[in-house]
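Each of the next two complexes has subunit A plus one more chain, namely subunit B in the first and subunit C in the second.
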Partner chain A sequence: MAIPPEPESLSAWTVARGGRGLFHLTRRTRRQLLRGGVACLAFVGLNALLAARFGVSILNYTIAGLSVSSIVIVSAIGLTLIYGIRGFANFAHGDIIALGAYVALFVNLNGLSLIWGTIAAFAVLALFGILFELVIFSRLEGRGPVPPIVASVGLGLIIQNGIRTLATTRPWLYPVPAYSDIPIAPGLGVNPIRHILTPAIGLLFVVSAHILLTYTNLGKAMRATADNLELAKATGIDTKRVTYATWAISCSFASTAGVLLGLTSFLRPEMGLNILLLIFAAVIVGGVGSPWGAVLGGLVIGLSQEMSAPLFIWLGQPDVIGLVNASAYKVAIPFIILIVVLILRPWGIAGRPPAFVSRVYFVERITQAILSRTAKAEQADGDDGG
Partner chain B sequence: MLLQAQDLHSGYGEMEILHGVSIDLDQKEIVAVIGPNGAGKSTLIKTIFGLLRISGGQVLFDGADITGKPPRELVLQGLAYVPQTNNTFPSLTVLENLQMGAITRRTSPLSIPWTRTDHSGTQSQMNDAQIRERATHVVGMFPNLRPKLRERAGTLSGGEQQMVALAKSLMLDPKVLLIDEPSAGLAPKLVEALFSKILEINEAGTAVIMVEQNAKKALAIAHRGYVLETGRNRFAGTGQDLLHNADVARLYLGG
Partner chain C sequence: MAIDTGILINVGFYVSFSIVFAILALGFNLQWGYTGIFNAGIAGFFLIGAYTAAIAITPPTPPSPGYPGHLGGYQLPIAAGAILAMLVSGLTAIAIALPTLRLRADYLAIATLAFAEVVRTVAINLEPVTAGTIGIIGIPRLFTFSGTNSALFTTGTVVGVGAVIILVLFVVLHFIVESPWGRVLRAVREDEEATMAVGKNTFWFKLQVFAIGGALMGLAGWFFVMALPYLEPAGDFAPAVTFSIWVMVIVGGAGNLKGSIAGAFLVYGLEWSSVQLKDLAPDALSPSIPYIRLMIVGALLIVLIIYRPEGILREKKRVLR
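Right after this comes the complex of A and B.
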């Protein structure tokens, strides 16, 4: 008797894995892993070259870059999530970062350790995020991107001046002991807070954001809502809940970024403003609305800023060109990269190009312009003929 | 009568598109809604599904008044809607799209109490494993999606995306499926495949309201049809009657 063929059923697990083996990766994932690996190798190689040519101490700048990147990335993820769900750039994000730093300070000054302060700020800022949506931004839904942008600028001013009123304009310092750098090699040292703790927390947040967005239903619903709000509503996704959750996540990520930023120097009411520009640059370079793009953009922005410092210091030497106040110029580099990216790849490094543009953006645009003109001319001819 | 729309008035903002349209749908029926461009066909199903504000008339589902209820509640009660375009989430994988189709039923341990909707009188909740099981079942109807479950929906072809959209809407085994121009932009061969899928879904017990440009094909598979014009009912009858009605043929079927 012939054995009947196996009925075409799939176990739930196989379905979840795309109907193949457990460790099957799709072509896209494999390609991304390959690209990531190549980029990491290139980066390590570059640093090895730099170290070989200029000595190990140049790696201090790379480490500083990773530290700046971490703060930028943690904030940029929050900013880009709000952009994805809400469709506007939240200009209050810098001040939300400052608010987080001050809430942690407040808890800290009232007798708890800074770690508890950070955790409290995380929770408090989540509530603030929900409050902002409830009181301000939910009322501006469906009015296009401009009203919420203007409202966010106003919100930023309110937060900043609220901090000025309550905490005064004096620069505060977190009462953390000044750890000295741990020497690794002659001329190369890492600071336990700025160079170990900050990147570690940054990595923790990136991994948790990835897990949230990839494996949880809330994260999937967030991505779905960012993809297509109307369809999300029609599918039955509770888009209101998703929006509140996104605000909570965005603002609590910002609070931790604020504490990390506060640890690098003083807390000032306007501390969010300078970093806000870097965060925007990171989000745009990576691809607006894409959390993974924000990570990539943050790395590009932070590393390029810090690693260009030795170049300017070299230019500042009297026998080169004697650039005055040389190291201040490093701040320009991220924005030069931003402009270049905007010209060559306006949808960002990791963003998806709009359907109509191909790899060679300008050529395509020009061809399109010419074609549409010819098409119009033909149409006009046809009309004359008819 | 499973679904009944009576004297519906609605539109976009100040502009009224529907000036009193009535249609009904019986159990296990396919109803085709046809008519020229701008007749209000898509507006009609969007209105029924609660995506547009209703300024007059009412919608009854299984005897209960569902006028003006949000889509989320209608999904829970057993309606599903497939929009004409942009009907999948492009950055989600096919499987994730299907999971989203069942999200209204998902048990959520972390749901925020004041945003929780009232589930009384609706079917039971599903956990992730049950949702996956259901996805397996639905994918069984669309075998060509099986190797693509882990691909992003945005990378699939137009026909495959329509299949994903259809599969997504079947995740909760709806009683009524509202489909907006399923054949728009598809090659003739794919249209055939899609229509046979719709027939298959219908045979499994789901009533279908289908808006179609492709009037002849739609009427051929429909039990009954409605012809709309400028937001009003124009003709109604069985699919065959409408197909062979001289007026309908001359005005709307292209001769």
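Right after this comes the complex of A and C.
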């Protein structure tokens, strides 16, 4: 029998896009782009206002905020992926970041350049990630969110104090020349490492995460697994392999965040723990499990923390309220944002409210509970009678 | 016969700090072991209790060169310090619980951990109130003695008072958790929605438990400044304290009051003996002993939560009647 020829028609791309061509944007994408544009304009406008009112040098805080945001975002993408797939908050993520920084330092101290150190840390931490899942977290599957949290705290303690034992508590410094700031306006300067390299690498990681999650089979499998584990399994996705891959990606992203963090100041064993709360705040503010939410949350958290610094400096002046060590309080800002978001939008600013679903689910659960109680009671009565 | 009081005092310190941790562990056990509220901010409530008590009972300490001074000079009776510490910690717990207690366990853990870190940052930096990194000094002792062996008597009375507190707490909490009220707590832990369905206001029960647990942690803060008459905010109230309490409750057995006390004595015993070992260990190793101890604590957390989540003393099995 002759096989009928394939109808010559749309290209693969067009088919994938529902016959609308390569550059067609769905309504949701258009709406998101519009919102993003408005937010960007508002942000630029705010900075223009600040610069007009307080002078150009106030923009130093914005630039610092972008740098902090980049580090938070690179870490938060990794954390939110694990959160989405394994359903628990990895409290060891901060210490994994520190581990990455120290692995890069170790390679660097053994004669290779820091770039090779970063690449080596990327690979080594991927292996560590797989190891963590294999040895610890795969054994805690299906036990709810608290046991893995406890185990991750234990893992964090082991990593942090392992670093203290092996690398001592002295603050290490990457052997990178101290570049001075490039002046771009009177009173305004950018540091080549902190303010140019760090955001550039942050952007690189965001773009690669987007490409990974949108266009690769692994990324699609990861999103499917995070969305609905049972359904993903039923569709034939090897969710175990996806989980291992996610751990590898999460930990290697964390290693680069660690190197970037180490470049901004010293390497300390507790460096990761100090930034962990920022990362958690970014993940929750953005919406748990959503990488783009992590980007958004990271920007909100990093920028608001750094841009609140001048406010606290103002409060610290003796004629205002004379707060001692005023700039130390800026760490409270992410916490306040976190609490406000948890009260008003616990699903995050980028997430979607699960209100309807959960209400239906709730009614279902109550019905089930009552039915099973009644059944048990009837059974008990029957036993007594017999 | 002369007794070497040094060793006795050292053991007395071990017992009194174990009692501090036992009170913290009882508070956390009530929250997590019985009700299923996972609190990661134990150190924060502990800190608030300790500072409240210290500020309330300490005589005036004017600023001097090298000491910034702090809020206080009220010289209230020591018992009033305990009540105030419980009150302030309990009220803080209510304030934290109102927005966060509806959240899932993992969100609650993050929010409470962040709370504890913010409180610690404030304590380190708010010098006019807390004297900053130096901390509050010259906190009055429970009883003052003079003459030979006065240090031994002071430690002994702290241990005695602590033992009474632990005994009273154990009896009271035992009756609480065995009461119908305690039964609701276990129902909330097992299935909150089913408990709601049978007509219990679970949020109200969780709020009560969180406040009582917070008050107990405040009491532990008060007893801490009784055992050690000065405060050092950076180390004493680090997140590691919270994690140690988790280990104590998990080792002892969640949902078992005796377990919490036993766990506190065991796990703090590990820390105490590691400090004692420090002098015996070779010089190359001795600086890393505290870190090795914390690594052991971490490994213990992982191994226990995987292989023996019910702890040494498991919860009493209850049969459906």
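Throughout what follows, the second predicted complex is superposed on the first by the 344 of 386 C-alpha atoms of A that agree within 3 Å, B and C clash if a C-alpha of one lies under 4 Å from a C-alpha of the other, contacts with A are read in each partner's own complex, and residues count from 1 in each chain.
In this text, a contact is a pair of C-beta atoms (placed from the backbone, for glycine too) under 8 Å apart; a residue touches a chain by one contact, two chains touch by 3 or more.
Everything quoted here is computed from the prediction, not taken from an experiment.
J.: Does the superposition put A:V56 against subunit B (first), subunit C (second), both, or neither?
T.: neither
J.: Touch check for A:R223: first (subunit B), second (subunit C), both, or neither?
T.: first
J.: Given the touch rule stated above, what does A:R28 touch, subunit B (first), subunit C (second), both, or neither?
T.: In the superposition, A:R28 touches subunit B alone.
J.: Determine, under the contact definition given at the top, whether A:A89 touches first (subunit B), second (subunit C), both, or neither.
T.: second
J.: Touching A:L134 in the superposition: subunit B (first), subunit C (second), both, neither?
T.: After superposition on chain A, A:L134 lies in contact with neither partner.
J.: Looking at A:L338, would you say it contacts subunit B, subunit C, both, or neither? Reply first, second, both or neither.
T.: The second partner, subunit C, only.
J.: Which chain, subunit B or subunit C, ends up touching more residues of subunit A in the combined arrangement?
T.: C
J.: Where on subunit C does subunit A make contact in their complex?
T.: Of all residues in subunit C, those touching subunit A are 32, 38, 99-100, 103-107, 109-111, 113-115, 117-118, 121-122, 124-128, 132, 191, 193-194, 196-198, 239-240, 243, 246, 250, 288, 291-292, 294-295, 297-302, 305-306, 309, 320.
J.: Note which residues of subunit A are touching subunit B in the complex, please.
T.: By the definition above, subunit A touches subunit B via 8-12, 15-19, 24, 26, 28, 217-218, 220-221, 223-224, 226-228, 230-238, 240-241, 244, 352.
J.: Within their complex, state which residues of subunit A touch subunit C.
T.: It is residues 88-89, 91, 136, 139-140, 143-147, 149-151, 153-158, 160-162, 164-165, 273, 277, 280-281, 284, 324-325, 328-329, 331-332, 334-335, 338-339, 342-343, 346, 362, 365-366, 369-370, 373, 376, 380 of subunit A that touch subunit C.
J.: Could you pull out which subunit B residues touch subunit A in their complex?
T.: For this pair, the touching residues of subunit B are 49, 51, 70-72, 75-76, 81, 83, 86-92, 95-96, 99-101, 103-104, 106, 108, 110-112, 115, 117, 128-129, 132-133, 135-136, 139-140, 143, 146-147, 149-152, 154-155, 168.
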